[in-house]
Amino acid sequence: MLRVTIWNEYHHEQKDPIVKKLYPEGIHGQLASFLKEDFEVRTAVLSDDECGLTEEVLKNTDVLIWWGHVRHDAVPDRIVERVCNAVVSGMGLIALHSAHHSKIFKRLMGTPCNLGWREDGDLLRNWVCDPSHPIAKGIDRFFDVEHEETYCEPFSIPEPMETVFIGWYEGGECFRTGVTFKRGNGKIFYFQPGHETYPTYYNKYVQLVIKNAVNWAAPILRSDNILECPHIQKTDY
Amino acid sequence: MLRVTIWNEYHHEQKDPIVKKLYPEGIHGQLASFLKEDFEVRTAVLSDDECGLTEEVLKNTDVLIWWGHVRHDAVPDRIVERVCNAVVSGMGLIALHSAHHSKIFKRLMGTPCNLGWREDGDLLRNWVCDPSHPIAKGIDRFFDVEHEETYCEPFSIPEPMETVFIGWYEGGECFRTGVTFKRGNGKIFYFQPGHETYPTYYNKYVQLVIKNAVNWAAPILRSDNILECPHIQKTDY
Amino acid sequence: MLRVTIWNEYHHEQKDPIVKKLYPEGIHGQLASFLKEDFEVRTAVLSDDECGLTEEVLKNTDVLIWWGHVRHDAVPDRIVERVCNAVVSGMGLIALHSAHHSKIFKRLMGTPCNLGWREDGDLLRNWVCDPSHPIAKGIDRFFDVEHEETYCEPFSIPEPMETVFIGWYEGGECFRTGVTFKRGNGKIFYFQPGHETYPTYYNKYVQLVIKNAVNWAAPILRSDNILECPHIQKTDY
Amino acid sequence: MLRVTIWNEYHHEQKDPIVKKLYPEGIHGQLASFLKEDFEVRTAVLSDDECGLTEEVLKNTDVLIWWGHVRHDAVPDRIVERVCNAVVSGMGLIALHSAHHSKIFKRLMGTPCNLGWREDGDLLRNWVCDPSHPIAKGIDRFFDVEHEETYCEPFSIPEPMETVFIGWYEGGECFRTGVTFKRGNGKIFYFQPGHETYPTYYNKYVQLVIKNAVNWAAPILRSDNILECPHIQKTDY
């Protein structure tokens, strides 16, 4: 059974009554509630010792899910380093919504990961670009998220390995809402839906996509060899 | 000065009064009218001898622009072969709108190039994914086409080399409207706008993008070597 | 259990005593001998009715393996069309060695797939570019093929989705020996080793890679929808 | 005229008599000597104030060339940040040889950029994968570097945008020796040749490739907009 760690900065849910009402157990709690049907789930939050992301935890995590928004800078650089090493060694990473600006995602991308944004609760319609991608399994041509924060292009990421979804917003914007990358041994999925003031993580399609993404991002090879630059010897042939 | 050949099946303009009125000189004529400001332009149509695409014409073409819709099958396979050889040897190709289904584009892609479509004259808003791409030069965050046929995902092309534009349609769809590929020495740009019943090729942004695309698709190397599979000799080192 | 069909032109083994001795049951027979340990295997050859590739056979094939060399042109275009439709619908394809020039591979690539070649029985050392790719599972930094036909760059394929192996030849050449592509729903792996006059398909690493590739290329989604270009209706939102 | 800044840690040339003899003006001096034929060239070294890379210098640099080996850590993080911002804003970057481990290159890649290495002065033969790439202009099928440090796969970079060269080493290794990336508006070329104890930068093919790379990496768009994450307003359509 795949081992998933859900990380959340867990800020809005404690400060903002609307968010608290939507996610009484935190966004991580809601994510855990449906992921535990299929996976072995643990959660970690910013206020935990070591952000809840010790070497031990990471070693025992197949896929890490990340949600953060206004406290990105509070994650210490040494934790970021540790997580990035885990990813390049093979741990999967799913960056949700405003995690586009997390230190971890930006560092793995090598770009600012900026975008345009507008918060009007627009309908978001996610269109499937590749119906045969494992992450789109069970989705027909598109799926809707009734209300979402609008993100729009240009999204300053490197050209993705695969464009799984592109999204249409009611008010006139569009955005690459589901894209994959590989960094070292690790697979990465960025997925746009999940603004804290909307009940996005109760949407059954969003839940399906995240479950699919966990299965897709599971390590093929988990190895620290990639962190070394070996001096090799000449082989006779 | 770059040499551009504009190919058009030239069917609707002769059969349909609405299209005739919009494009009295043919779609190729309208494309030529603004391209000749910057390039040496020639046109060719389906009814021309050899479809207007002799070896001589192709040899003297830096970038070929293709518009076709309902007469794709009327282009003989040997012409398709000739054009594909020119592209892989280095000639640029710009496939416009319904040319997604031309024999030439499908053959260079290796996929069916299918998509969903709807003809309601929706507003199309093209968002720039990569502002530094030569094809997006002079475009701000987006540009609009007032009325366009709607195309939607999934668009069964191989993952593009670069996604330059993605498009938003008023009625709820989105689509990768500007994408690049390379096949052999040749650069290829697919660009969605251009349904025959709308005045799309009078839109100044559409014109700018097509001009940019010609400059981008110009050959770096034009060489038939790529059509050979050479028997090499062992080199001493 | 995945269903594998191995296709072979089966020419050299019947004409050339050296090849006959190496592969008394045909190259397809040797491939079958180790693949049947893990998969449900069937074989088909050029002289079979319909080349052994009826709609029924393809419908019941998860992954097709292709070996051809001097009889590429003998495969009728309608069979090629049928196989390509199966691939874009989701069937996996593994093109071995000289299948770089098969009609099927060239058509799915959209390029001539040319390369340089030299037949001196050089040692080929395949280096792993991505140790975490499922196709490289169980391979360390490299694996050797004692004698192989030399292929060299430029190899006129489109930029691969993933470069799994690059190969070094004793005499001074190198080549991208293991590369992946996706066309529609179908996954494609090209693998260089396998000249008919060397015992390449007895090499345990080559066997491992081919088994890995079958597992990797297995369909995620098998659907004919991709062969249609649907007229959609405006959805209310 | 394109403005090139050549950065060098300038260490070995001052410490090691062999390197000093090979490059009496420093590696940067030798690079400058042939680049100034075609470009406006300036040089900067680690010991310069601000590493010679002030905002002013970067603003006036179209393409930055980077050579470093044993003093990567001596480049302060704020300088790295500054250079990375310049690259994503549009400045080109050419990372030479051991710059695969520079802070700047690793940060733009998001991976460890490790590889295997061996220092035996092997012949390196660089094969052209894409003869029509601007960086390969003027190179035939391959070019040799008589003696070079051997680098070998796996090279833990993200899948390149384009594989321009792959290299063959006399002793049995191969490596992707010339690869391109895009990060934000900036184009990046990594090029393997250039170990300090060999006269690599006197090789006319190496010089040609570096000149080609400068032309290729020149900014299309230089804009700080990419460093912002704009709050957009709903547009009426």
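A, B, C and D are the chain letters, set down in written order, and residue numbers restart from 1 in every chain.
Just so we're on the same page, a residue touches a chain if its C-beta (ideal position, glycine included) is under 8 Å from a C-beta of that chain, and two chains touch if they have at least 3 such contacts.
Please read these numbers as outputs of a predicted model, since none were measured by experiment.
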| item | value |
| --- | --- |
| Chain-contact steps, minimal, separating subunit C from subunit A | 1 |
| Superposing rotation of subunit A relative to subunit D, computed on C-alpha atoms, to nearest 5° | 180 |
| Cα-centroid distance, subunit B relative to subunit C, in whole angstrom | 32 |
| Inter-chain centre distance, subunit B versus subunit D - centres from mean C-alpha coordinates, in Å | 35 |
| Set of subunit B residues in contact with two or more other chains | 116, 125, 130-131, 152, 154, 159, 161, 172-173, 182, 184, 226, 237 |
| List of subunit D residues in touch with subunit C within their complex | 116, 125, 127-131, 141-142, 152-155, 159, 161-163, 166-169, 172-176 |
| In the complex with subunit B, residue positions of subunit C that touch it | 84, 88, 101, 107-112, 114-118, 120, 150, 152, 154, 156, 158-159, 161, 171-173, 181-184, 226-235, 237 |
| Subunit A residues touching subunit C - in the complex, by the definition given at the top | 90, 123, 125, 130-134, 137, 144, 161, 170, 182, 184-186, 219-221, 223, 225-226, 237 |
